[in-house]
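For reference, chains read A, B, C and D in written order, and residue numbers begin at 1 within each chain.
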Amino acid sequence: MTDALNEVLNLGIAVLILVLGVWAVVARDAFAAAVGFIAFGLSLTLAWLQLRGIDVALTEAAIGGGLTGALTIFAVARLRATEAAASAERPSVPTRIIAVLVAGAVTFTLILCVLALPNPAPSLASAVMAHIESTGVGNPITAVLLAYRAMDTLLEATVLVFALIGVWSLAPDDVWGGHPGIRQHADPNGILAYAARILPPIGIVVGTYVFWVGADHPGGKFQGATIIAAMWLLVVMAGLVDTPPVSRRWVRIVAAAGPLVFIAIGLAGVPTAGAFLAYPHGYAKPLIVIIELALMPTLALVLALLVAGAPTRIAKR
Amino acid sequence: MSEFLLAAAGFVLLTVAVGLVRILRGPANVDRMMAAQLFGTGGVAAVLLLGAATGAAAAIDVALTLALLAAFASFAFVKAAPGGDGAPATDRDR
Amino acid sequence: MNDILAWTSIVAVTAGVFFFVAGTVGLLRFPDAVTRLHALTKADNLGLGLVALGLMAQARSATVMLELLVVWGLVLVSGATAAQLIARGQRRGDTQP
Amino acid sequence: MCAALLIGAGAYGLIVNAHPLRKILAFNVIGAGVFLLFGAIAHRGAGAGLGGDPVPQALLITGIVVAFSATALAVALLLRLFGASNSVTLADAPPSSPVGADDSAGE
């Protein structure tokens, strides 16, 4: 009974995701497409929940639903003028037929591959669980992220910082190093400012909580950092504070600190444990906590500034 | 009990899906802005019910995140949408 | 005792689902954006509250109950704010078409 | 569960759009499809008391975050292109626009 219900539910979520995904691509109006895309991200969260990837569900809820949504929606607003011109040059019918054929072929091949997946599926779960004791961390996903595959996580944090450098370097010459994003003007006594005063304290508590439980339960630094970044952006949106000019020293120090601490600990592993990113026996848990603690502010800052975009205004001296 | 909760989750999800179709078709952007609202309530309820049905306690954290970020998304809509607090022009003017 | 709790949650969750259905019916049937917004926000928030209440009866610890309460409170605050903002944007669009 | 797998495949059928911002969105949809496929595979590898194989799940988190940063960079590039040439298509941009004069990223 439960299984059948579950199956129906999964099917329903699958259909919902498909419809929203198609909508995000074919909708005539870009705003509608962006809204559909956000709903798409939020329904993916449900799918992750059903696939028992609660950590992934948290990440998707935070990044897919919130930050990517805000990013695209602001871009749509700023590019509104170009929409008419772009929709005027719709691809010709033969082009579209070819595109449909190509996409159909890719889909068909993928379905064949999916049906050909080995059964029972290969799994590293038991290998992870066998060694989790030595990391001192209770959440297997945190263990994988920061112990077994720490190199990936380090590279990821570095990629984020480089993406931010890339975004910043797109600033025009005259506003180099200025404030990113558009200056928001809102009524300081308005309802949005009110919400921006109520929500962030709760949000920061929730973000820290999600970060803290990450050691033993689903959660972790990415999710917590995203929540905090969103809260900061909310305050910026309400016009209560402005984004900092990117040439400020503290911005740059915070943006670089997390990966640097990570690399330093990794290098320290060479003499003490015999390999880059290896943890000496018995010190794994404190070191992992230090890395997470160092990465957290970096991630929050970088994620928020990635949404804010390239500098657009001159820094006030 | 878990069957009941699962069925309830499915039902809520169904109403969310129906509402979403209505909202996305909506004639004006104002209608579309409600999408995040809808997920803020319906989606959170579905997540809570699913979590309770499958016994995943951490689903509440997901619901918490979803609630915060859905609020963030709807504020972003309002700021960015034509006719919202951000730009005064509406779609039809262009 | 357990029976009472179970029935409480069944009744509350059912009532919550009913309000979700009502909200969606309102969304489908009401003629303009402001009334649709009204149906969506009020009915759905009540529905979520009832669902949270129902699940609280199932909760194993006080922390979980508190978390459920916080979830509902958050959605209430943000939902009310966003509804205000959307409705305001709608009205501005009406007065200067 | 196989039903969920098909979504990943279905999402691929979506590469037909003119506006570059929409292309970015479509690309994200494809990415989400890939993630979902990977997640479903992770779910098949459940074992040792876990709901899914934790290694792919951890990689998924990494993947989602990196996809977000790539999207942010793409959007920033697009906005800069628009700011520099008042157009979002490379084809008919006036040749005088100094696009990409200062992209010394990755220092």
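Definition applied: a residue touches a chain if its C-beta (ideal position, glycine included) is under 8 Å from a C-beta of that chain, and two chains touch if they have at least 3 such contacts.
Just so it is clear, the model here is predicted, and its values are computed rather than measured.
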State the pair of chains with the top count of C-beta pairs in contact.
-> A-D
Hey, how far is the Cα centre of chain B from the one of chain D, in Å?
-> 22
Find the geometric centre of each of chain A and chain D from their Cα atoms only, then give the gap between the two centres in Å, rounded to an integer.
-> 11
List the centre-to-centre spacing of chain C and chain D in whole Å, with centres computed as mean CA coordinates.
-> 33
Touching at least 2 other chains, the residues of chain C are 70, 74, 77-78, 81, 85, 88
Residue numbers in chain B touching two or more further chains are 33, 36, 57, 61, 64, 68, 70-71, 75, 77-78, 81, 85
Inter-chain touch pairs (all) | A-B, A-C, A-D, B-C
Parts of chain B lying in touch with chain A, wherever the complex brings them together | 2-3, 6-7, 9-10, 13-14, 17, 20-21, 24, 29, 32-33, 35-36, 39, 43, 46-47, 50-51, 54, 56-59, 61-62, 64-66, 68-73, 75-82, 85-87, 91, 94
Footprint of chain B on chain A - complex, ascending = 1-2, 5-6, 8-9, 12-13, 16, 19-20, 23, 27, 29, 31-32, 35-36, 38-39, 42-43, 45-46, 49-50, 52, 54, 57-58, 61-62, 65-67, 69-70, 73-74, 76-77, 80-81, 84, 184, 186, 190, 192, 195, 199, 202-203, 206, 209-210, 213, 217-219, 223, 226-227, 230-231, 233-234, 237
Chain B to chain C touching residues, read off their complex | 1, 4-5, 8, 11-12, 15-16, 18-19, 22-23, 26, 28, 30-31, 33-34, 36-38, 40-42, 44-45, 48-49, 52, 57, 60-61, 63-64, 67-68, 70-71, 74-75, 77-78, 81, 83-85, 88, 90, 92
Parts of chain A lying in touch with chain C, wherever the complex brings them together | 191-192, 194-195, 198-199, 202, 206
If you look only at chain D, which of its residues touch chain A in the complex?
-> 1-22, 24-26, 28-29, 32-33, 35-37, 39-55, 57-62, 64-66, 68-73, 75-80, 82-84, 87-89, 102-107
